[in-house]
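Right, one structure below, let's go through it.
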């Protein structure tokens, strides 16, 4: 159950960073969706380590295969099983990690919770787990696009203390992908890249913020009271490794306004009921109101650093651990497609739920 | 399904602000828990409108009854059904709301999603819905206390731009309840109360922050990968009316630190493995590590204000709406027991899940 | 969770035979369904004890109230909470049952599972629990009728060894309700009633079979592989007190045929693809094929009898228990509306699931 | 969701008879279970086609690999992903099936439900789907055995009209596996094998009954009211291809007894509370009472026969279909390990649920 996400469009991820591979099973995918393995690979390539000179130099090809659920290029409504084999395994690199708990990693908590853990590459807590999310998210994004031109766009808005100027509309994918750091503001992107290279040279790491904007959202997605759209988006984002915060619309800053300043007044625009402002972030009473959904996610600095750190070993003795080898000084740029994927999964799921409850039957006595 | 929360300790809330009442059914409550209706009433009284001179003057007695699941003062393991009858109904007060969408409320989205809504007092989107959460949360808090002295403590840390000094340990319940605003720092509390009264006199409203600290948490709660403890806590908080943000541990501010500054180094303290700092907020890899869990929740200013606001009516015409009547200029103080309740529900649920998977069987071949 | 049934049209029942009452919360009910309390009461009256001279003489008015989810005579899409208060309580009648385990009842297993139980009237294992199912089922049946003229018809086909002649089409509700035993074949009904009266005079009890037929079922309901329509119908029926068996279509008898005798050949009839025979019982590969669904449920003889029986008490001593008081010599006639209710709940749920996965999106690239 | 079974020990199966393979992901497996791939293979070999001269001559090696969730020979508590690659594919053999609906198969209902289907080898409705169930069931059976010496034993008790004499205790695995038909009564087994060969020579098929007995069951498994143990066992069995009926304990035959004949009287035996008889089949009030659980499952004759049958094609024209090729005249013997697997999955799941609700906390005020 903890490895499953969604209620109707339901994904189950599996796999550790070492062992046979990582993968995902999608249950509930609508049939007759045209789908090719290349479309999924394209998204995985955005997540892949080694894609640029600011990520880890680990080379992971991450070639995905679709094992089931597809027939003559279309989904059949049966489970889609997708898998990426593990490669480039160097178990010897993990000898020290078997015995010593890495600070701010999951080593200690996994060991205590389960009484056992796969220490190689972080095992299940490895970021490789997100491969399954991105593969599933690629399909969710395609469904949204085909079904209603819904576009999910994420980008890096801050790295460490370097922040891009505020924008009001979603940037194009081209602008985002133009730089290795996935910040659509070129000057800021340059500074971010510089900062990442600087901390890497120190064997240190940085975090940052990802902003996500979703346009053309149908009105009515989200289900009061516990499954508010922002609650499910928040859960989706906080389920990602290294996230520490989530805010939607006006967010934390909105608490500094008075009600008279914060409320989104309604108006009629182009024949539709719209809000003049969008401090709600596209969601009111837990339900999408047709305005752009936008939210921000905080990623802490990568826990793995190439410096000596005090820690404790499995036997309970204080010791020291020095990070070695290939290391990602900043995971935020690679997290962009993951944020998009999780957002798309939430939206597809709620769209199906809306259809089931509110469009299935029409009653005339 | 959207009105149900939790997987093993599972609550389903029902009811609108008008009609027969509001209530909750708890499925999965452990048996043999000593329980009295007075314990639940005490928590509901903390949530109740009209409890002080800074809340709405609406008087709601909110007397709870336990309809099932209790036998001779103990829970039986069967569903606990609890209910509060609705009183003080003045349907005529809602005539205008039937036709005009209140800005930043759920009127428009409910109407569009369902094609129908109960406009009286906000119907299901009314804050009265949280009565069921608090009644269930009272039981969850008692379970945590009896089973492991786990204490869940929430308090108001900011109202509008008035913030209390940072603290490092949970304040006592007495200090929190000492002021109507539930801020444990008396001087700040005075200023907050003053501010709330000032905005009320303007017919305006303010929001703020609630901080929550949970002590004595067992190690091992939280279930990677989607049901991380912070993901479920985040969802719980973002499912509350008026919330716009959630952060745990170092939160958004933590993104300004480098990895070498942010990591929580391990040490041996009093014979146990502990972290020297707690930027993780008590959760690593999605699993509690035994340190204090702490998080913050952002509440926007109350949408209901006693000022004229532009809006649109059901027929699609632009119009104006003037809020009238009894009005809560700041819901944050009353939200304190609700935050505690939701946090306790998450913890009890994950405790049961931990027990099921990791304590149920022991294998010896 | 164990007190919840359904995935999208989801009911949660609560309550014991003694205490505040019994009830049900429906989550996921489609909005805009015209609904009156009288429609629900009518179904409950079919389930009620004391309705005829072959049931228990206990008089239970079982007046239902709708506490939420209805506005101006229509459902709103929010939880429907319904409740029946308990009356006619005579706790003294249960003194002996507190200490002695009734044979073939749930006393011993509840006590051992939970370490506590409400012994009054069987507590949660009382047949009064099914009130919530029938109240929810009344709504499910109405949805089916309005949405697609789907008719769910159950009737008693055997009591003890008295069996009605085989029929091929659903009898009318009038014929079923014409006799107290709810068998649509009048001569057989007379014999059944006679038998029930005879065993009652001996302080004994009998069981029997209920047959259920569902007409006008849309093609495509049921979800391979675990949620086959027959699997969910079977679970629904076997969740009813006193049931010991379930068979669909040709059932156990079908195992005596060869494949060439059992297969339902396809033909074109009135322009539609139909099967010539219906040994499948309306379900193929777990999915409805548009033919009539029919199944049978076996109910054991009522466990409560007015004879001395050997048993054991809570202290673990062998003893004797003599049933006393008001007693239902055969529950099968009263179970007819319960069977219909559970079948309707399964169908509505699968209809919504079919809509969500297979009708929500249409893809054109 | 429809491809997932269980609430805490949760399996998701995927795969069609053609394409990359078939597999299963187990979420919620307890950690530290010693496990080897050979143990799982041994159970799969019992399910495999071509294992004897009364099954289909199709040779499927069905070699399973464990892709994740295992570390140094023990489960880690993370998802176990297992997979069998597809082989022996002859798509040309399915040309006719693409256009013509096979009688009493899932072709027509799948096509109508999804608007698309994989016609090769039945696609998702193929019996190959049960490979994942058996792989997961092998683990569930091992858990039961190690945790409490719980033994799940299924066997063929009837083929067509050839029935073995009634037995009262579970036969040994050796006796069951001694004959290709998995009937522990050698003389009956011989007749069954003869009958299967006879119908095969006619191009026809037969069905039969499987009986299952579970010994050493802990008291308290099963969760009223909807998740009664018999309801979940019934659903598990009726989710298997070709099943048409399920009965537990006295089953359909029990309806011919009076209450005084049917009730299981309690006694004290060897210091424990036991029932003198076991017409309840080990379950009372939906909860295991410590007696042997026993139930029977009806399997219809295989739908695939090598005879000409009338049918309809996709274009809606009446036509004829002649089954060709390799064909299994009776699936019942190969279904034995599948029945055991599903039963074991239900028990492990309920054991974990029992632990979570009723053993997690102990309360002392």
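What to note about this one:
When the chains are written out, they are named A, B, C and D in that same order, and each has its own residue count from 1.
Here, a contact is a pair of C-beta atoms (placed from the backbone, for glycine too) under 8 Å apart; a residue touches a chain by one contact, two chains touch by 3 or more.
All values reported here derive from a predicted model rather than from experimental measurement.
Looking at the partners of subunit B and subunit C together, the chains they share are A, D. When the interfaces B-D and A-B are ranked by how many C-beta pairs touch across them, A-B comes first.
A separation of 45 Å divides the Cα centre of subunit B from that of subunit D. Inter-chain spacing, taken between the CA centroids of subunit A and subunit D, is 38 Å. Look at where the CA atoms of subunit A average out and do the same for subunit B: the two points lie 26 Å apart. Among the residues of subunit A, those in touch with two or more other chains are 1-4, 7-8, 13, 28, 31-32, 77-78, 113-115, 124, 224, 353, 358.
Here subunit C touches subunit B in the complex through residues 1-4, 7-8, 10, 12-16, 19-23, 25, 27-28, 31-32, 65-71, 74-81, 83, 113-118, 123-124, going by the rule given at the top. If you check the complex, the residues on subunit D that touch subunit B are 8, 28-34, 77-78, 143, 146-147, 224, 351-353, 355-365.
Residues 1-5, 7, 13, 101, 103-110, 112-115, 124-125, 129, 158, 160-161, 199, 204-209, 219-220, 222-228, 230-239, 241, 243-252, 254-268, 273, 275-276, 279-281, 284-289, 298-305, 307, 309-312, 316-318, 353-354, 358 of subunit A touch subunit B in their complex.
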